[in-house]
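One chain, subunit A, links the two complexes that follow: it is found with subunit B in the first and with subunit C in the second.
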Partner chain A sequence: MPLPLLSNDKKAQIQIGESMLVIIFVLIIGVIALVFVARMQEDKIAVRLDEYESLNAVETAQLVTNLYDLRCAKPGLTETCVDLHKAKAVASILEDPGPARDYYYSLFKDARITLVQAYPPPAGTDDGKLVLYDVGPGEGNRTTTALHIPVSVHNASANTLGFGMLVIERYRRTSI
Partner chain B sequence: MKPLHAPRKAQLEIQFNWLFVLVVGAVIIGFFITVINKQQQQADAEQATDLREHLDTAFITLFNNPDTIGNFTISKVDITFECEPGAGGLRQYYIQGAGPVDSTYDVIFTQAVLTGEEVFTWTKTWAVPFEVTVFTNMATDRTLFVFIDDGGSVKELYDELPGRYAKTLVNNLEGLATHEYHDTIIITSDDEALTGLDWTGRKARIIAPGADLDGSGDVTFQDEESSEKMPYLGRESLWGAIFTEDADTYRCTMDKAVARLKIVAAIMQSRSEAIADDLPHCGVSFGRAAGYFHMLKDLEGGFAAIAEDINSNRRALEQLQAITLRGSTCPYLY
Partner chain C sequence: MRRAQIEIMGLVVVVILVTIGLFFALSLKRTTPTQKPVVDRFGQDTMAKDFLTVLLETQPQGCSPSVSGLQAWDLAKDCVRYRNSGVSIYACDGANSCEALKSIAKTIAEATLDEYGMTYNLSYVYEPPGEEGPQLIFNISTGCHPYSDAQFTSAQPYSSLGRTPIPLYRVTTGKAYLELRICD
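Up next is the complex of A and B:
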């Protein structure tokens, strides 16, 4: 015995139902696509941020080694030469807030720059480390990218040329 | 109620279906058009941000490579520079589509708007006499430098300007055609040569005949509406005056250089005092040098007001260095 055919009303309802399902399906696909694109953008931005951080660290290193404020006065010395007296002066000037700190912050942003004297070895209780610049977020709120640049260290008073390292650490806030 | 006839029902159904398809189709097309527009805006913003980062890196590279000539492409994007004199003035540059970048400490001499395909850069170290900072001169391929030959200083400047820049040496301004350039800068030592000039898109810099280019002097900024005299100190600042937009921008940019000068002078003073203490036989020279650095550090006022003081300290330090190094074992003063 053949099944009874659906009434026209029923057919219409089913058709409308089908159309609604199609719309809902298309919308769901659209939302999934949007979420996917947004996640891709997020990853892309994170990668780019990492690239910029690495670039910034290198830029900071270049700036520090080329600053006239630290460069050796005596002609003929290597380009990457730090005048010890100038370095001490910079460290002293930056202890207090002022135009100098604003200027160096515009160059280095959140970073720590340390001059480490390796040779001749530091005398007495001096550990040979001179922090030239240290501005950044609190200890628990940062990550660092560090670069080590070998430099000559000229002591104009003793007329000696030693060996040292400029340690450049860029801070990155872990939370805002 | 009388049921609808089947054909009438079918017609209604078809109409309803079409309406439904139109509405849904419009919504879907609208959705994709919105997404495409957003993507395009994002791409434009990304390009502007990329260019801004690229510029930032380029400026750092320029700063690290003084006395060099370079170039970079800006692909028809306008870059606007602002430098307002005074303590609260804006000091920034910005690119269409990207936010402003602070340039409080960047000593850049350029026209207010850089427009064109390519930007040519020329960096020079400013020393008074110790090295203070790097001056960056920028102009695009749409800037023309016109030098009115005087057989002296102006000719010397023409010869010195790198060939990458659009430049020409003329005897007078008759028949000067500059319509294809966005900016035209005329350099002359004879203000009479500017008589009757059409000032549209043009500006002039007038120096004294036989000017001491490496020393100090005055340069007059002249355009259609105004004429203002400003000092220069060293060839580097004279070039800055030539490249810059106007007297106000030059004043503002040189104030940035003075701010740098004071920082470096403080460092040099501290260095001189330390060496004077360590080496008594060099105490006199380094003590006097510390005094000159101290004076430079404490100068009050803008560049225009203190240029002569800077110049006199500069000469004194040069003489002191020459004396100190003559047959002695003392270190270099700077």
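Up next is the complex of A and C:
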């Protein structure tokens, strides 16, 4: 009599083991599927973030090129013209923190705006670069999206019109 | 019976392993954006469009006769005149209008487009009236396709084109234009 009982126990044990194995495999596949979906979502969000950041850079570029504080006052010049003396004044005002920089921060956020003079070529020690605005996180904590906009550079005192480039770099914080 | 069960279990394990492998392969594959980023397209288009306008408004240095407000526009017009008649009104540092315009364009392109790692083709083209085809006055290129649209195929996936016509009224007949193509 004890023999058939033992064989029934073994059968049941095997069946329970099979069921457990199936449950474990299903769980493993479920976890992997979850990880996979999360990773796909992460990638999608990263692409969206890049797009938004791009649009922000474009918005900043539009703002800068249409900023009255930089535009040439002389009639007859192209719309994409920067007055060198106005630009120098803006750069010196925004060099140190203060209400003026706070106001521009509300427009440009974390960014660096540089006016580069390409023609006439800068002479001597002058590298032809004038940083108009630079606010943002430290070097290691940011990624940058850069835009280059060609502009005429009008020097009213010398009465010359040169070729310049507005370099608009929009910062994105990499760590919070 | 037990043998059959073990074989079925083996098959199940194989199916599970293949599924796991597929999941991993798919999750490792990054989703790459199909389009060029907005900022790159905007930057490239703006550069191609505005570069020539600003270039032509630039006042050249060291030109004679010393005319107040002389611009690269004037050199571009004078260049076509010089090409057709051999007479150049302006001379900049001993160079005729065509050489002077090319020199200015080259200086600016090297300081900007080259500096930003852009591939471009900047050309000045004159189209005489009649059957004659377009004539290339000068060309500054870093590997992008030449000026002719016919030669430009879909080999380059994205490019921006800026073209500014040069008015030749009271200079000569025909058409002249400055063209900048920026490629990926």
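Definition applied: the second predicted complex is superposed on the first by the 144 of 176 C-alpha atoms of A that agree within 3 Å, B and C clash if a C-alpha of one lies under 4 Å from a C-alpha of the other, contacts with A are read in each partner's own complex, and residues count from 1 in each chain.
We adopt the following convention: a contact is a pair of C-beta atoms (placed from the backbone, for glycine too) under 8 Å apart; a residue touches a chain by one contact, two chains touch by 3 or more.
This one's a predicted model, so the numbers in the text were calculated from it and none came from an experiment.
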First (subunit B), second (subunit C), both or neither touched by A:Ser19: first
Which of subunit B and subunit C A:Lys86 touches, first, second, both or neither: first
Partner chain(s) touched by A:Ser106 [first = subunit B, second = subunit C, both, neither]: first
Subunit B versus subunit C as contact partner of A:Leu55, first or second or both or neither: both
Partner chain(s) touched by A:Val135 [first = subunit B, second = subunit C, both, neither]: neither
Which of subunit B and subunit C A:Lys74 touches, first, second, both or neither: first
Subunit B versus subunit C as contact partner of A:Phe163, first or second or both or neither: second
Contacts on subunit A seen with subunit B and repeated with subunit C across the two complexes: 55, 159
Subunit B - residues contacting subunit A, complex: 9, 13, 20, 24, 28, 31, 35, 53, 57, 60-61, 63-64, 102, 104-105, 125, 130-133, 259-260, 262-264, 266-271, 274-275, 278-279, 329, 331-334
Complex contact set, residues of subunit A against subunit B: 8, 12, 19, 23, 26, 30, 34, 52, 55, 59, 62-63, 66, 68-69, 71, 73-75, 83, 85-86, 88-90, 92-93, 99-100, 102-103, 106-107, 156-159
Sites on subunit C touched by subunit A in the complex: 9, 12, 16, 19-20, 23-24, 26-27, 30-31, 33, 37-40, 42-43, 46-47, 50-51, 53-55, 57-59, 61, 68, 71, 104, 107-108, 111-112, 116
Sites on subunit A touched by subunit C in the complex: 18, 21, 25, 28-29, 32-33, 35-36, 39-40, 43-44, 47, 50-51, 53-55, 57-58, 61, 77-78, 80, 116, 118-121, 145-152, 159-165
